[in-house]
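First chain written, first letter: the chains are A, B, C, D, E and F, and each begins at residue 1.
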Amino acid sequence: MKKIEAIIKPFKLEEVKDALSAVGIQGLTVSEVKGFGRQKGHKELYRGAEYVVEFLPKVKLEIVVGDDIVEQVVKAILDGASTGRIGDGKVFVLPIEEAVRIRTGETGDAVLG
Amino acid sequence: MKHFESVRSAFGMRLGLLGAALCVPALAQAQDELNSGDTAWMLVATVLVLFMTIPGLSLFYAGLVRSKNVLSVLMQCFTIVALASIIWVVCGYSLAFGVSEGQTEGVINLHSLVGNFDNAFLKNVTVDGLAGTYPETIFIMFQMTFFIITPALICGAFAERMKFSAVLIFTTLWLVLVYAPICHMAWSGEGALFHTWGVLDFAGGTVVHINAGIAALVACILVGKRNGYPQRAMPPHNMTMTVTGAGMLWVGWFGFNAGSELAADGTAGMAMLVTQLSTAAATLTWLGIEWVKHGKPSALGAATGAVAGLVAITPASGTAGPMGAIAIGVASGVICFLGATSIKRMGGYDDSLDAFGVHGIGGIVGAVLTGVFAAESLGGYGLAEGMTIGTQVIAQIKSILVTLVYSGVVSLILFKLIDLTIGLRVSEEAENQGLDLAEHGEEGYLL
Amino acid sequence: MKHFESVRSAFGMRLGLLGAALCVPALAQAQDELNSGDTAWMLVATVLVLFMTIPGLSLFYAGLVRSKNVLSVLMQCFTIVALASIIWVVCGYSLAFGVSEGQTEGVINLHSLVGNFDNAFLKNVTVDGLAGTYPETIFIMFQMTFFIITPALICGAFAERMKFSAVLIFTTLWLVLVYAPICHMAWSGEGALFHTWGVLDFAGGTVVHINAGIAALVACILVGKRNGYPQRAMPPHNMTMTVTGAGMLWVGWFGFNAGSELAADGTAGMAMLVTQLSTAAATLTWLGIEWVKHGKPSALGAATGAVAGLVAITPASGTAGPMGAIAIGVASGVICFLGATSIKRMGGYDDSLDAFGVHGIGGIVGAVLTGVFAAESLGGYGLAEGMTIGTQVIAQIKSILVTLVYSGVVSLILFKLIDLTIGLRVSEEAENQGLDLAEHGEEGYLL
Amino acid sequence: MKHFESVRSAFGMRLGLLGAALCVPALAQAQDELNSGDTAWMLVATVLVLFMTIPGLSLFYAGLVRSKNVLSVLMQCFTIVALASIIWVVCGYSLAFGVSEGQTEGVINLHSLVGNFDNAFLKNVTVDGLAGTYPETIFIMFQMTFFIITPALICGAFAERMKFSAVLIFTTLWLVLVYAPICHMAWSGEGALFHTWGVLDFAGGTVVHINAGIAALVACILVGKRNGYPQRAMPPHNMTMTVTGAGMLWVGWFGFNAGSELAADGTAGMAMLVTQLSTAAATLTWLGIEWVKHGKPSALGAATGAVAGLVAITPASGTAGPMGAIAIGVASGVICFLGATSIKRMGGYDDSLDAFGVHGIGGIVGAVLTGVFAAESLGGYGLAEGMTIGTQVIAQIKSILVTLVYSGVVSLILFKLIDLTIGLRVSEEAENQGLDLAEHGEEGYLL
Amino acid sequence: MKKIEAIIKPFKLEEVKDALSAVGIQGLTVSEVKGFGRQKGHKELYRGAEYVVEFLPKVKLEIVVGDDIVEQVVKAILDGASTGRIGDGKVFVLPIEEAVRIRTGETGDAVLG
Amino acid sequence: MKKIEAIIKPFKLEEVKDALSAVGIQGLTVSEVKGFGRQKGHKELYRGAEYVVEFLPKVKLEIVVGDDIVEQVVKAILDGASTGRIGDGKVFVLPIEEAVRIRTGETGDAVLG
């Protein structure tokens, strides 16, 4: 099992979700994060006082999947999230040692659906 | 005469008489009968001015701070409403509007500066007592709302770092020692200092705005900058709140300005019209400057411009005509913009919410221009006999200086005293945590 | 007489006459001419009391619940405004203010308790009909706003768990079966129960606050505690909303109290002044208690204290003087503090937003002290001939007891009936999910 | 006569006279004396209508957009207040209410359609000038608030995508070229087009709501749909704001409708009562439909229903009786529900906040039913001599059509011109980012 | 060391925290997330426009623990979080290579208390 | 590649970011979390009802870096975030198996800049 973490642009969430559904993903977890990277932030001005916003709103997806479909899932994310412009984000793959479904207590790949 | 003399001035004396002997035969009988229309308007004007403070001003200010301090701002305004109300009836009203025997037209003496304790605890106030054409109780309430909003304005300067206890103590002392005398000088009628000088201040340019503005400047210098200012940005946490508050200030201000006529008549109508025009002009001016200078007009700019225009027209609202009002609005837009940006930056003080930058500076602009646009040739009601624009402007400047110096010095002393005793400022930890939790044990939002 | 008798009472009879024969020759001609000042004030007072409910009270309450229930509170208040308006013109007004032939001074009979259906659907109301010195239509509207706010107050007790349908059904029945009679007993003039007893209730201490308060207590006991109460904390989700609402209640309340004079005159002015002072005193009192007891004065404390002071001065606002008002404010601050803390804890009920703790208890404190501070020796307007403080307080207590018992018992029956039929309470799942989604299919915030 | 003729109409001529010769001997002396009660009421009514726009309408609208656009909506409303105020005194007032010599009862000519520039820059306005029984300055202010709110209503249609600069340019041109003439046709008195036709529009059904509604429809078609609409859901970001704004609109609307009587009298009282009843009925109707159709009554439904009822009663508020008002409320609830749901879906346009669906359609429903429920047999004030329900409804429909066609066509031309020059719409990137940042460089919330 | 990530229903947080305290856990980090899975979302209606909410509010717990007590901790979470209904959530176990306490700079299992 | 997760006090974010920039970090992701640990919470009182807040606001940083600079980065975080008082937070190091830049599809250490 692997955990795939993707940082994407917020307005791409729907598309990514659709792309993931298309490859059979039935579960994922999403959170709002702020990203700092190459993409430049913006300036805000409040009564002449400049406020540089370097942390930009991003969405983080966490999807735990079986080893076999990692590649497919990463590809789906890239398809859904890419705009070709700086700030599109990253995908990271982490090892998972165990997964448990709280409702049933079952473990292993069966949990991930 | 009525045109350039605040009705409040004319009224001051009558109040004195009332204080001395309630059943004195009325000089002008017609005037001493209750007029239900004037009464209705003054009831409402009072409600409107209170509405300016809660929720108006408190929202305007609270939206501008960081979310960890939002309640502390709301709380300061709310508590000041309660506190000032009590102080007003204990002695504020009597000190501000009490006219002692020696207060005489043309003579400048102690009575020109401050009232007395004759009406402390409102001891001479009755249900049937009139203030001209409406109940004295309503006059008391109307003036109380001015007494309330003035210290609330000051809170903008020391927001996000001042101790709540220090705010309350300062407010109490300042209202008695500063507001009451300045109010007396301006509005207690014949024999009062500004009245003798022929100063025009229809609705409180000196009494409220310059007075609060200079105290605010002193406050923010003495209490010091917020931790991290100006290196760290401290953007408003809720601009929707600020714009809402600005809208409420705008609508409430008609009570302030048109209410200051103390009657439902033509001058009240004109006060309403000029208030609207100055505010509109200042709003557009501020937005225009931002658009040219920064490329984008901002909601905060619109809201701040509006307040600047409201402040500046206040003293002039009973003497300027519509076109004069537009001129005052444009001038206040430009100058307060500088006040809240360049001047503040140059000064190096941390006037958190620009209480001095907008109210102090806008008040000065308005007070000076009141002397200009009262002139009939510039569309105003006309100057008093013997006055020219020049002499009127000088009179205005004298009242500005008196207010700046008196309020500034006494505020300085008060803040110093408080600092030396209980301290002005919360601990650094409390400031980091936010005043809401540190001072009030609450959080603004749990969304 | 006017001083201690609600003008509404005097008016009751005239209304009756109007109902019977619209063109009856006026007894007091002067009184039956339209006065535009009084009319202006009553138009505005009506607007102010409506403003108290939406958005005032609805924000005050909505800020105090958890964010998943914020819309349900706003929605209950908003819908009650609409519902009560219609019920009022269908039969509420006629049941409350209709004076039947047998209603006679000094006689206690069925007509002392409730009106009739003569004016159902406002069938006798015309554009030109007067209620004293202003149009009857405005009297209808003004009283309607009281009819609206009273059930809205009750919503504070069962917030976060009651079915929306149950709220509407209860409100409908309660307004007709409880509010209308209690209002009639208090304000329908000669022959009405409380009038005969000489009870003083200028602006609705019994009719509105005690009446709503006891219904609220019954409600929260019958509907039961919120899941997890009191083990799990349920802190306010948006204190800025609550403080804003409190400010709106404060300013709107001048319509309630000074409007209850039904004229723009000295009594209206004094009502405004005493309302301000009681509220200010109660606010400071509540904050003082918190500061001493918990070490920190809170924004919620300030807001709640203010409401306590407003509630308590309500019945006294046409008879107490300024110092009496301060005393009433202090007393209500202390006692309502206990009501919302110790008494509630001891009682073990879950009065979510302290509708009973503040309105019920504050109403009782006010109603009793009205009898005390009406005395001329204590700065009031003076008691009726033959009355002493003692007899007046007894009269007050009688009216309190009637209200507590009648409203309490009928509310109990209504809630039981609703519980047995459609059920009072949402499912546990709906409560977990929040009423906004479960009952209204919406979310408060998507920030 | 007074009963079915807007006082504003009667007033139009007098204004003309004032324009021509300020000292003309008054025809009806009694009428030309200042009445302080009427003055008090008109001051307040003006404040109330301004309150409808800021903060009322601006909150109502702002809550409905996504949070990235919240400030842009608040900002458009706020800036329109400032902009329209200045345009009004520059030429709007004169174009709308100036009566030229050739404007004569029964004759339809150019003067029936639009005023003149005689009073540009308010050059004939004085402190003492009266408009009937109260100062002309207040009439100017009162009408200005209508001039302000009308373009603000239009903003609902193009929210979340229109350039700020385009909004301001459109507003400026539209006010001068569309609002002023339509207002003149309706309210400039004898000789005016709608007046000659005997059209009833007490408080602005055609002038404000239909006028804004059709411009809104044109706007949203020309500016195009929001990116992603209707595939992607765009739920309101802050329903508490919307419900708060709806409450403010409700209370402020009494200034709009009862203020349109321009006096504190019986008609004002009845206007208040019928406004309340229509609004209540429409609210309950909308909720009922939702409950039946979707299983859940929503807060947004309550708020929208209320606005629909307020809109529809507006033209009828000086001629309908209480039961007629309830009927109008129910009708508007049903038809505006369709307007904001089925009709919009069928039309395929993206009227973001249903400016056309509620104001346009509600305005039409109200304008037609005004002709019906003015009939004495249906509880109204009675139709003019020679009019039947049928002929009255035809007159109403003629005024509706004139407004729809004139406002629709000119709006279309204006939007096209702006689109071809500076462009109507922000870039796709700006729309994605949100207008707050892209157009104003600010964020609504940093909680 | 392992990191245990649990996605649970928000109103179960208190119970899970208590269950964890019972097995000696003294530190954890919580965040608000949105979950997509088998549990059906709900519909919201705004003026007739349907808005289907597929992302449901969930709470994510992160607890870094010594290898020895992983099982115990997972069990505690299951006990505290389970309602037996769809949407109860998942527990994932990830490897941790190092832990440092910022205040002291100390590392290893001692940090986790 | 490693992922470094740091839980810090919110008002230290700027300092940590500066310290990280100083060691050449050009990308990171931040989220708001609540922490439970040794640091005591505070009490809030609403009309006499006590509400003990045990979950304190913290900020979580996630930085994926090449193996070689892990130590340096951890040190930078410690420098920036430490106040010496309880509640300063923790740093955890997790293994990362792969990283992808969404915009370009490139993988490996190059992605992390």
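In this section, contacts are C-beta pairs under 8 Å (C-beta built on N, C-alpha and C of every residue); 3 or more make two chains touch, one makes a residue touch a chain.
Computed from a prediction, not measured in an experiment: that's the story for all the values here.
Colleague: Expressed in steps between touching chains, what is the minimal separation of subunit E and subunit F?
Modeller: 1
Colleague: Identify the chains in contact with subunit A as well as subunit E, in label order.
Modeller: D, F
Colleague: Residue numbers at the subunit A-subunit F interface: does the shared fraction exceed half, giving same, or fall under half, giving different?
Modeller: Here the answer is different, because the shared fraction of interface numbers falls below one half.
Colleague: Please pick, from B-F, A-B or C-E, the pair whose interface repeats that of D-E, with more than half of the contact pairs identical by residue number.
Modeller: A-B
Colleague: Go ahead and note the Å separation of the Cα centroids belonging to subunit C and subunit F.
Modeller: Chain centres of subunit C and subunit F, defined by C-alpha means, are spaced 53 Å apart.
Colleague: What whole-Å value do you get for the distance between subunit A and subunit F if each is reduced to the mean of its CA atoms?
Modeller: About 18 Å, centre to centre.
Colleague: If you average the CA atoms of subunit C and of subunit D, how many Å lie between those two points?
Modeller: Comparing mean C-alpha positions, subunit D is 34 Å from subunit C.
Colleague: Pull out every residue in subunit B that's touching 2 or more other chains.
Modeller: Expected reply: 35-38, 40-41, 44, 235-236, 238, 294, 296, 298, 300, 441-443, 445, 447.
Colleague: Could you tell me which residues belong to subunit A and also touch two or more other chains?
Modeller: Within subunit A, residues 31, 44-46, 94-95 contact more than one other chain.
Colleague: If each protein chain is taken as a node and each touching pair as an edge, is the resulting graph a line, ring, star, complete or other?
Modeller: Contact pattern: none of line, ring, star or complete.
Colleague: Pairwise, which chains touch?
Modeller: A-B, A-D, A-E, A-F, B-C, B-D, B-F, C-D, C-E, C-F, D-E, E-F
Colleague: Okay, in this complex, where on subunit B does subunit D touch?
Modeller: Within the complex, subunit B touches subunit D at residues 3, 35-38, 40-41, 44, 48, 66-67, 235-240, 243-244, 246-248, 250-251, 254-255, 258, 263-270, 272-273, 276-277, 279-281, 283-284, 287, 294-300, 302-303, 306, 322-323, 326, 381, 445, 447.
Colleague: For the complex, give me every residue of subunit C touching subunit D.
Modeller: Interface residues on the subunit C side: 34-41, 43-44, 46-47, 50-51, 54-55, 58-59, 62, 70-71, 74-75, 78-79, 81-83, 85-86, 89, 121-122, 125, 127-130, 134-138, 140-141, 144, 164, 238, 241, 436, 439-447.
Colleague: Using the touch definition from the top, list the residues of subunit E that touch subunit D in their complex.
Modeller: Contact set of subunit E toward subunit D: 44-52.
Colleague: Under the touch definition given earlier, write down the residues of subunit E that touch subunit F in their complex.
Modeller: 3, 17, 26-31, 64, 94-103, 105, 111, 113
Colleague: Per the contact definition, I'd like the list of subunit C residues that touch subunit E in the complex.
Modeller: Touching subunit E: residues 232, 432, 437, 441-443 of subunit C.
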